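Think of it as A, B, C and D in the order they're written, each chain with its own count starting at 1.
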Amino acid sequence: MSVYDLVVRGGSVASTEGVFPMDVAIRGEHIVALGQDLPQGTREIDAKGRLVMPGGVDAHCHIEQLSGGGIMNADTFESATRAAAFGGTTTTISFAAQHRGDRLRRVVERYTALAERGALTDFAFHLWISDPTPETLVEDLPALIDAGHRSIKIFMTYENVRLLDEQVLDVMAVARQHGALVCAHAENHGMIKWMADRLVSRGYVAPKFHPVSHPRGSEAEAFERLIRFSELLDQPIVLFHVSTAEGAAIVRRARGEGIKVFAETCPQYLFMTADDTDRPGLEGAKWMCSPPPRTVRDQNALWRALDLGDLQILSSDHAPYRYDETGKLSAGPGSTFKQIANGLPGLETRLPLMFDAMVSRGMSTIEKFVEITATAPAKIYGLHPRKGAIVVGGDADIAIWDPNREVTLTDEAMHDNSGYTPFAGRTIRGWPEIVLRRGSVIVSDGAIHAKPGSGKIQLRDCADSMKPSGTPSPEFDPQTNFGAHLA
Amino acid sequence: MSVYDLVVRGGSVASTEGVFPMDVAIRGEHIVALGQDLPQGTREIDAKGRLVMPGGVDAHCHIEQLSGGGIMNADTFESATRAAAFGGTTTTISFAAQHRGDRLRRVVERYTALAERGALTDFAFHLWISDPTPETLVEDLPALIDAGHRSIKIFMTYENVRLLDEQVLDVMAVARQHGALVCAHAENHGMIKWMADRLVSRGYVAPKFHPVSHPRGSEAEAFERLIRFSELLDQPIVLFHVSTAEGAAIVRRARGEGIKVFAETCPQYLFMTADDTDRPGLEGAKWMCSPPPRTVRDQNALWRALDLGDLQILSSDHAPYRYDETGKLSAGPGSTFKQIANGLPGLETRLPLMFDAMVSRGMSTIEKFVEITATAPAKIYGLHPRKGAIVVGGDADIAIWDPNREVTLTDEAMHDNSGYTPFAGRTIRGWPEIVLRRGSVIVSDGAIHAKPGSGKIQLRDCADSMKPSGTPSPEFDPQTNFGAHLA
Amino acid sequence: MSVYDLVVRGGSVASTEGVFPMDVAIRGEHIVALGQDLPQGTREIDAKGRLVMPGGVDAHCHIEQLSGGGIMNADTFESATRAAAFGGTTTTISFAAQHRGDRLRRVVERYTALAERGALTDFAFHLWISDPTPETLVEDLPALIDAGHRSIKIFMTYENVRLLDEQVLDVMAVARQHGALVCAHAENHGMIKWMADRLVSRGYVAPKFHPVSHPRGSEAEAFERLIRFSELLDQPIVLFHVSTAEGAAIVRRARGEGIKVFAETCPQYLFMTADDTDRPGLEGAKWMCSPPPRTVRDQNALWRALDLGDLQILSSDHAPYRYDETGKLSAGPGSTFKQIANGLPGLETRLPLMFDAMVSRGMSTIEKFVEITATAPAKIYGLHPRKGAIVVGGDADIAIWDPNREVTLTDEAMHDNSGYTPFAGRTIRGWPEIVLRRGSVIVSDGAIHAKPGSGKIQLRDCADSMKPSGTPSPEFDPQTNFGAHLA
Amino acid sequence: MSVYDLVVRGGSVASTEGVFPMDVAIRGEHIVALGQDLPQGTREIDAKGRLVMPGGVDAHCHIEQLSGGGIMNADTFESATRAAAFGGTTTTISFAAQHRGDRLRRVVERYTALAERGALTDFAFHLWISDPTPETLVEDLPALIDAGHRSIKIFMTYENVRLLDEQVLDVMAVARQHGALVCAHAENHGMIKWMADRLVSRGYVAPKFHPVSHPRGSEAEAFERLIRFSELLDQPIVLFHVSTAEGAAIVRRARGEGIKVFAETCPQYLFMTADDTDRPGLEGAKWMCSPPPRTVRDQNALWRALDLGDLQILSSDHAPYRYDETGKLSAGPGSTFKQIANGLPGLETRLPLMFDAMVSRGMSTIEKFVEITATAPAKIYGLHPRKGAIVVGGDADIAIWDPNREVTLTDEAMHDNSGYTPFAGRTIRGWPEIVLRRGSVIVSDGAIHAKPGSGKIQLRDCADSMKPSGTPSPEFDPQTNFGAHLA
């Protein structure tokens, strides 16, 4: 009997450091050896001519969840993670979304139950806090963080879920004490509300006015604000879905000052612009998300920011709504842009879109692709080295890509429930053909081989990025970051 | 009979451009000629060996007004403008302070009546908006701006007076349409509230914790925010009382980007530090103001920012409270810093402090002194050339200084009603000896010669700084400043 | 007999502070009074409906001088200052140009003699140093500075005149000791030489490759370098003819750091682009100057930099060469761009071009026009308040403009000897009609009324901008600016 | 017989991605497997409780070489690489130093012969160009680059070796065409020369004036200049030995603009300051190097820059001179600082100093230590994945560290020939005990087990960092980077 249950043989194994021709040996759920000419495994997968890459980690997706606006998104854990798996992603971090009045610990139990029933991939949750009552802050949140839910999502806009500044600080203080990251949808609420109200009142109601209602400055402003809070409390943050050149520049500047800020962008900000919403009737609704995609200049700035490491994470922000009365059109055919649910499907297309651009079209490297789509999110969110890399001792989450396969995206070919993809018609070169999750093949030959509920929750120890610094930072002074002592 | 009612003869006349030995001829209330060897006037003032300077314009002072916290300040218009006049200031801009529930037009009527009864100097008002109801925004504010009240004050902090972001935008939109500047107390409310609550709850209650409760970042944050609003609406703003190096740097950056931002600082930020509040018992309360003075590094940065023109205005932010139960100690001897009224007297000492530093001690020039204390505020607020400069056609508001007179400041020598000066003990070189207001001597020989109520209101045409730009700015685009089109 | 020799009556007098309706009274060569309804003068000029402005100060022009490349420029002092006077300029600062081997004091004597024979306007010299021998540095330069020649010109490029870095420092050290400004043509020699050589060797020889041979970075680089020298020695500098957005940004940054840097731009950088050199044959030579004009984006950046005060001075850099074998075509009809003399005529058109843009077309204000074309150069170079402003005690150098007169520029109408203007065909609104120099009318009714040689040399005391600081700057430290102690 | 020649068993293997408990299997000179419980090797090394790290790559050291000033340094290849090996370094890149008049290809032959006779570690060369004659540029340099010498060193200062700007561009153009990096000693020659001459002429001759003679701005200036050249030619550069906060900031800004600049610092800039040269007599000479160490503020800035990735490489700049008449004191006991050879020994202490600070004292992480001392230099200089990482297929260059061993540095314990260490007396925690080079143990039990000359030359393919970009960069324009087309 072989010492290895499975050997992926003859492929080129990609990591953030390089691409190495070697075999990958798996025992049970784990990678146990990497090497040349490894002994025969009980099973073998021939990876000649293929890229052997870590399964993707999608650290920002909405699954089986009510939006801030109260619309149920189109996916169950089963449909969402099916789409993820077909796209080469083996771990998702979606939201345990507390709406006002919800008891946070019940929220987590409910989402855990949903995921344990449906998920095909492994999963974790960001704790979405919209009701920071004493019960939430003193009882539930500390316990949940300590139990391994080490990331929190807060909103600075959206009427029903947003927190006031002092509430943001309250949440950040608990995060600091217990060791959790704070992730934010950071846009200025007042600017968006003021613009949206004025636009609608003057008859500017089509989807193409949605981008206008989110001025670029609303992102920059909220970034600056949250960064000041981070500085005050010496608490790391993640800025979600950076959409503007200014936003990326602010992140760069803050990191340069030693402030603990991480940042993410998404394919829609690299491949779409505001003009995508400018279509007849309400059709533009399919391309509506928040923040909106901006301009080609912003795309270029975001690419550079990824290259420079100013942005570390590439997520999908998968937020699927059908283009019908259950989703985008829930307010009817006369909807103004304010009444249309924001969000795009993206779990399945995230990796192919990025591979095509970064590797096939030469805008970047395989190493960077692995880094931003798998290794860096795993590290930042405390999943590494279990997830996000092909390393000895890590989970055998592997996507085997044919770098030359060409696929033209169509609405019909997608496996999630939103019914469309904003990237329909685009031809992609490079596609994941075989996907392993903890040593099991879950995708091959265009079919799923995993059972709903076979995904496992990923509780997290305190990752480096979340560690409360044991000592005051060197520049500590009473006027700058005394908040860290009060947290 | 002479063609001139009064000639100030033989002095050195200072302006932003230089110091010129010449006579100043006055007819009625106005300056009508400047020259060498002007004809004899009906009256003459000998100014040999003296500096003849424009009367100061103090564009930020609280007079006969209820604070945001509900404490009446110590001065009447009579006592405040008496102090101003002794200090060489001939025009004040104080606040017509709307508290919630107040009808704005009544507020202006009330303050106008108070000033017309008491003022010794000329005066104007900033419209302080804390209740931007439709009545305020649609009826009163436009009418008042059109009538010549062309500056508005808003607060981003202080529970009872602060505006939410969308309200700030509403006020700015009206200002843009009708041509008024928007001045702001810009600090982040949530940070201050969170810090103050935590400090007090942990027993950090002494006055010296007041500066700690206003983190430096709370200023920087609010500056960034308001600047984004200014950009969105293409509406000029004035940032009051810049206290930090970061704040000054943000102003510089924004101006460099073409955003219409003006800024002010005050003597307390140039001559005091946070340590001034660290005194036995509640004594430190006398040095408490908001934002708090910071560090020597900040002082240096503010001096440089004045020199560079990043800060244009030097005001007093005179906010007088007696160190007794009517003022600072209204909450009793066990007050926490949160319960102590913020503010310092400063109308009288503003010009001598600045002259002593800038001219006598050589930190700057006479030209710059005239600019930041008189000409620039007059220009920015629409009072120039009537006020703020010794020019033909302008009001004969003149302060004749002995540049060599030395005065040691004492509590007793002050002419306002606060009962103390935070600068007691400091020796000043250079002092205004004779003060003219519209051609009349109102101070000489250490005595006041004007009647209460002899000051006149200064209504203002639309100054350059306030002009709504007739056309979209050149960089206009739908994602950046479309708000200007909706205003 | 009147107390006044001449009264300019009823005009609107412009200064950096505003425009005031008042009369200007002149006695002898000086302004002695400004006022309403001044007494009758012996002579009167009716200025109703006219703008009464200080005569322009053109602080950068080449007159009757051999270029760095050895071509004599087309103008004598008579022809150059005739053009200046027609364009409203009453003071020029041209160069006393030392070529290698020249004795500096003889150079100054020679240029003084030339100017005293020909000049119609008043004049001063920048000491152009291309041979910093001990004789120059120890004997001549100190004596000349002390005698009132308080500005020095150095070149960082042009083979025959440029200084090496250590020579630049030697010159700056003498300037610091004796109180002179150092002005620079700051471009990186190596980059230009390398580019020009490669371009020509590959056959890129047309005038349109001249701009390519001066990469934008060559300006930025040399600015950074000279600014470091300024910091090292604590010595003020003037960066001549800023042409790029990057250059302007570098100046802004350095000023923000407290480095004593002043900067100039010229009409060609505001109104022309590199494309102007792209014409058939050698025709483009007429638009060739160094540095070359750049792009519309640069024009916009320079306008903003003027507005912000980052650039203080607007000069012509008048450098006239005829488009024939005496000038531009001295190397014959087969010249490469390297063989064509660089430079444009501009003394006459400088003020009308700027007035038209700033005032008539509303890009700026009259106050700013006066500042950058007259008052600021006078102040920075030590000519104020004698020159550059209409002030009591100053020289009566006045240009009376008809703000509504329209003039279309033509080659034929110009009064200098270059034979063309690069702005031919452009229609200007606003033109100087009467020009006074020290109380004498030198231009009226389209004719010159001054004699060659009637212009006077303007020796200068140590102006503020040139004062060596008596004390080490506050940030003094051995690793940053110890050079100031060694100077 | 085993499939593996050697297994390093039971250690914790460190990479830039993490620390993994696993075995390392070696066949011949290469690593062939990484895994848990690998089969028995022919030989085994027990690494329990040990860190198994890639052998260090020291990319900047002077070995058996004449200095710019003409002093032979103290080490042979044997002595230098012996010290390197004891310190955990297995690859050196030293200089093939062309002095003026030398034929470059002969220089490379000579240094290759010296290294092949003496080296214990593997080695490569930077081509040091001080005589860019046509022969050098057209014949030798292209051939040598093509043969695998893919990095060039140029000097911007030091009289005997420095290049003029146009020569730097010539060298960079060849580098671009053939695919080599250009590394630079970037300091402004004129500033240093001017300062040194003035200091000496005024009697400031002690070693402590050496830092004064290299103003901080001389580094900043030269960085800016070389970065402009890099931009002009689209050619990657490496800035050696960054010493100042400003220098690091300039690198960050340039990288943010997309300019291809890499940068290095050295232990002396992280652990020493200018004050180290302030000792009695000439003793300070032992701490003299160029650029000089600066201040604690600079140290902090450099640490942050390493953390941010603005600086990628940590080298020793080993430049050993004995403190006697053969080295530091070659000009005798009355030497001025100008006459004392610059440089410090550092090959042996580089890794222990950095490990102690980064890992033992917690200033950073093991991952970062591996990155800056081994993986990043190997990648940037084209040695990866052969060198710089423990990866399957790579050379088995491994240092096995005891993380807890404490060693106090002494002059006597050092293995190079300089006779001292500037860090004597410092106690280090963490030390390399066993060192493998291509699978052979070269250090164990405190002894060397390799023969002189057993090190092998490392020729290099074109690494990513050196690849000439096949296409003009996206922002290509005739005024910015046309030089790339002329190269």
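The definition used in the following text is that contacts are C-beta pairs under 8 Å (C-beta built on N, C-alpha and C of every residue); 3 or more make two chains touch, one makes a residue touch a chain.
Here the structure is a predicted model, which is why all the values come from computation and not from measurement.
The chain with its Cα centre farthest from the Cα centre of subunit B is D. Between subunit B and subunit D, the centres computed from C-alpha atoms are 58 Å apart.
Between the CA-based centres of subunit C and subunit D the separation comes to 49 Å, rounded to the whole angstrom.
The distance from the centre of subunit A to the centre of subunit D, with each centre set as the mean of the Cα atoms, comes to 39 Å. Shown for subunit A are the residues that touch two or more other chains, of which there are none. If touching chains are joined by edges, the resulting network of the protein chains shown is one closed cycle, each chain touching exactly two neighbours. Residues 164-170, 188-191, 193-195, 198-199, 202, 211-212, 215-218, 220-221, 224-225, 228-229, 231-232, 274, 294-295, 478-483, 486 of subunit A are the ones touching subunit B in the complex. Across the complex, subunit B is touched by residues 3, 15-18, 20-22, 25, 32-38, 252, 255-256, 258, 300, 304, 308-309, 365, 375, 384-385, 389, 391-393, 464, 474 of subunit C.
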